[in-house]
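Presented below are the structures under discussion, each in the form of structure tokens.
You will see two complexes here that share subunit A, one where it goes with subunit B and one where it goes with subunit C.
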Partner chain A sequence: MSETSVSTEVAEAVVGGAGAPGAPAPRARRSRRSAEGGSRGGLAGLLGYLPVAFLLVFGGIPIVFSLLLMFGHLGGPNAAISELGQGEIPAHGIGTLGAITQLFENASYRQDIFATVMVFVVTAAVVLAIAALLTFWHRLRPSKPLAVLQFLAVIPLFIPVVIASFSLWTFWGDRGFTNSLAQLAGWSNGLIFSGRIQGVILAETWVSLPFAVLLLRAGVASLGDSSLDAGRDAGARPFTIARRIMLPQLRRECTVVFCFTAVGALGSFTVPYIVGPSSPVMLGVDAVNTYTAYNQPQQAAVIGFTIFVLAALIGCVYALGSRSRRVGRG
Partner chain B sequence: MSVAASVEVPGWNAPTSRARSVLRVGMRVGQVVLFLAAVFFIVAPLGWLIVLAFSRGFSFPSLVPTSFTLSWWHTVLASPGLLHSVVLSVTIAPVVLAVSMVICLPAAYAIGRYNFPGKRFVLLSVFSINAFPRISLYIAMIPMLFLLNLMGTVIGVVVVQLIGTILFMTWIPATGFAAIPEELVEAARDAGASKVQVFWRVLLPLCRPSIAVAAVLSFLAAFDEAQGTFIVGAPNYLTMPVRMYSLVLDYPVQFAAVFAVVLSIPSVVLLILVRKHLFAGTSAAMHLR
Partner chain C sequence: MQGSELVLEQVTKSFSGAPAVDAVSLTVRPHEFLTLLGPSGSGKTTILRMVGGFLSPDTGRILIDGVDVSGVPVERRPTAMLFQQLSLWPHLNVSRNVSFGLELRHRPKQEIARRVHELLSVVGLAELGSRLPAQLSGGQQQRVALARALALEPRILLLDEPFSALDTKLRVELRTFVRSLQREVGTTTLLVTHDQEEALELSDRIVVMRDGHVEQVGSPTDIYETPATTFVAEFLGAMNFFTGAASGQQVRLAGDVAVPVDEGVLAAGDRLEMGVRPEDVVLDADAGLPARFTVEEVTSKGHFRALRLRCGALDLRAFVDKGVVVAPGDDVAVRFRKVHLFGSGGGGQVAPEAAAERPVAAPSAMAVRGASGTSGSGSRP
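Now for the complex of A and B:
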């Protein structure tokens, strides 16, 4: 599955399609009517394609250049960068896999891939679990503490990622709050997450939580009371209602949360750069280091491509997770 | 068929009243535990950062600073390198915002008010760019930016920061334009307004809240962008977020804490100002068709 088609699939889920949560129906009707009322091709089409043209020039075409660079085509559009780069492996004929095999033969690079996969899988699972717990619980038993909890979960949205990373790095560091607390409590092993993969997972969870909570909150709000009441009337406990009634109806939203969190963690640089260990590093940090510190653009392109492939795998998860037919909502 | 009728909830037995009261107490305790955990996990690190910014130092493992001071603030505000970063950030982010508006607002208008071939493709393309892992996109951009001689230039920084604004500046105003009832436009036309007048006096004023939210989000996306700016702009253009990378590694933690607090002020203030519109606007944008 190509990266674009993956994005399109995910986009369709969020754009609306059949199952977008909480869509304001009258508003949508007005929108369609107004759009149909002014149906025109030419100028509107030109204006509409402006952002696409920008993204094509600075997003689409560069990806093709980068692929050529990865396969050793150092001339043409890649000539300028190749002149400055080091350790390049030029193509003979249609291309070379030299840069790819060079990296994958390196045990440290394989460890980086493993660490990256572990971080984005665990982060996505933890974020989904927390967001589901907060939103489902509040839907079943609305209460002030849970409303406050949902508000707290959205706070990271207001903090720039670089500040969040620095803040978490100091808080969980060897002279940070958590370790001081642990030492005062007599725990000699301490409580340090900074400089560790666990710290990266916690920090990624911190920055990803708002999107997950907002999306699932919209999802649970759109669930009809009738289905939940039916469960209650039958004497079901909240956990059973959440598991057997809410979860199946919100499978698409949960899949979107999981996949977007995973892609966000996969493509992150700032969090693992500041909070994470020096080895193994996540692929985002690896790519930047390879380009800026080691001056190896071809190898950096290979790492970028590895990230794209992993993102495509996440897209496959999305495709599988969103196949289920949604039951109606009251 | 009703939803209630279609739902099967097998595998449970009706709990006794004792079990219900145990469950209720358990839920209360759970809520308190969750609340404390959330405060510790989400809020405490930010509080710690603020304490650091005003502390002279810590005697490990004390949780309280040895004394409080404003000296780090004086040092940060008197540092010419850091001031240069502040100037760069507050100069480049508005430029990015302006360019983003020029590119995206006409598109948002077209998407919101007209049908044209490939409209859905445009929407999905704009959305898709946010579904790409950002860092690999920046890495992929390097050969193109070299080819265009944009590496290490301010235009290169503007381009890389623009990427993160396209979604907000296209989708949210497009939702605003689409939500304006056609009847209002028709009424204005019946009253003799020209197309330009309808746009300036009806559509644009009604869409102003959506555009404002999009502008705030785009400004913050540019202002807070660090990783792409680091790749493209360093070492010539070190904006405030990029400067944080070196502060974390090379400066006393209190110094970086002060800079972090200063850097987060615009984000916090702007987002608090638009928070209600923000959640409504982004929610509506998510359902644009």
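Now for the complex of A and C:
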């Protein structure tokens, strides 16, 4: 039970981090204006505040508590949890960085961070590349095989992640399909991905691909035929059209795919827990282990905070990539 | 002078079984300005897209300067197309839209800048080079698209209703410009339009299309003066149609109105379709048809007047000089300066459905015969 509570907290931090630079601020401003606009706007204005209030209560308050815990404030709302926890470093005065330095001085924790960054950056890049290749190419040169591939790429959407992770773990394991093939070819233990960081990347890619393909497919469908035809007419070959005409128009979609995949991989637990190695582990797994196995809630909060910072960085990428530029379609 | 010869040989294209273009053969001479005219859905755009390489014909060949281009992809064809839909690249500003093709050809920077400025001035948008397409009106976008097509210096220019989004003044201005540019550079040009005035003014020759096939090809004068079928006659200019029967040297219409025609044109008893252009209807008290028409409606059309006349079951539209004084209710006598005769299920050698569109008289022979001449004439094919 407690295991899940930590991971939800992590997920909330992630959501807050990714969304913060973008949407909520203008929305809040708009609803305030409508609240001022006469008596009939009053109720609507209140309704507008409801999601914000919800977010503050169920997202904001836990974040504040875990920040307090991280900086060594073990009393008050954190009293119950620190009563049971171990290895706590209490604050003197306004707070202590003890738990943070303790973790960051640990080489294996730094490796965990590095592995996590690796996984989400590479996964997001690979997913974006595959989805873009499939959808752009199919838009420029429609063909049966590409249509089939696109269809196949969407299937993982309907397979629960736990089941998929176990299947992939078996598939890429030392007695799995890939390695058996390698053995047959005389390449001993050449194709084992289970229990390796590469395996996590492969599995995350597999899990994230459907959403990316669906989103980019909708994106390329929105591009007018004649605008692509005009590109060919001007003498551009398919690759040039993809790079200079399609990509710039689908910058937002590509940014969304990249950032969502990255945040998804960053906050994922099931895939790295099942498919990944025991060390380095991804931060999501690390947080859960630290909380449950090591019984160190304060250190788990530090890990949660690290994830939050990384998510905020992805949020910055999102904000930069989807910066509005006057683009008219139609 | 850059302008290629374009030949279509029995080109057919179907979409899910229904032919959009049906065995069309056409030769466009080098430097020619040819207009495809026809109602919506008659296959005009499809022809243009096949010439540009965006579609490949199901059967038949397309030759540019004698070379079959079926294997040549769009990007290597010497054609440039202006699309019916607005097709500017929304993320590039006006200048970059125009320069895109030149950049791909690795032209020197200064040359590109000069050429872009030149082309934008020509379409009257030199000031707007840094705007994005979304910041332009529809007509302005279409002009940028024209500049973009011209920038490619094609040997065949394909224009798909380029002027339809423009107001009348701009349209006239721009088409005059396109025409003079075409004369100067000599680019073979295929224009698609619905606008008959545009077709008549610009074209060396007009191709009238209907349901995927060519109904008639000819110079604007030919097509206007001697339409091959009732469809062409109606599509280009207005025409009154009457069903009648040949009787001696007359065509007898409903209500016992008889129109005399030349000797030898008709075999007795032929059912036929007689066409009269409204401007060929003359109000004339002296030498009119025996019947008298009642004026039902008078509409001013600016530089002329449109009348609706009736004589029994016959309904007749007439365009008369704005100086002619008539009012609804007046009784007038009319004569026809010229009539066009089309077959209508007559002679035994023609099947009825085919005969429906067959001209009985070669209309070129239907000359005006003096002041009192009221008939057309011709010879039976």
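The rule is short, and it goes like this: the second predicted complex is superposed on the first by the 267 of 330 C-alpha atoms of A that agree within 3 Å, B and C clash if a C-alpha of one lies under 4 Å from a C-alpha of the other, contacts with A are read in each partner's own complex, and residues count from 1 in each chain.
The definition used in the following text is that a residue touches a chain if its C-beta (ideal position, glycine included) is under 8 Å from a C-beta of that chain, and two chains touch if they have at least 3 such contacts.
The structure presented is a predicted model; accordingly, all values stated were derived computationally and were not measured.
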item	value
Contacts of A:Pro142 with subunit B and subunit C, given as first, second, both or neither	neither
First (subunit B), second (subunit C), both or neither touched by A:Gly186	neither
Contacts of A:Ser167 with subunit B and subunit C, given as first, second, both or neither	first
Touching partner for A:Gly235 - first (subunit B), second (subunit C), both, neither	both
If touched residues of subunit A are counted for subunit B and for subunit C, the larger one	B
Touching partner for A:Gly93 - first (subunit B), second (subunit C), both, neither	neither
First, second, both or neither for A:Leu266, with subunit B first and subunit C second	first
Which of subunit B and subunit C A:Ser226 touches, first, second, both or neither	both
Intersection of subunit A interface sets (partners subunit B, subunit C)	224, 226-227, 229-231, 234-237, 240, 244-245, 327-330
Partner subunit C, residues of subunit A touching it in the complex	224-227, 229-237, 240, 244-245, 248-249, 325-330
Subunit C - residues contacting subunit A, complex	52-54, 73-76, 79-81, 83-92, 100-101, 104-105, 132-135, 145, 148-149, 152
Interface residues, subunit B side, partner subunit A - complex	1-15, 23, 27, 31-32, 34-35, 38-39, 41-46, 48-49, 52, 58, 60-63, 103-104, 106-107, 109-119, 121-129, 131-137, 139-147, 149, 159, 162-163, 166, 170, 175, 178-182, 185, 220, 223-224, 226-227, 230-231, 234, 241, 244-245, 248, 253, 256-257, 260, 263-264, 267-268, 271-272, 279, 282-284, 286-289
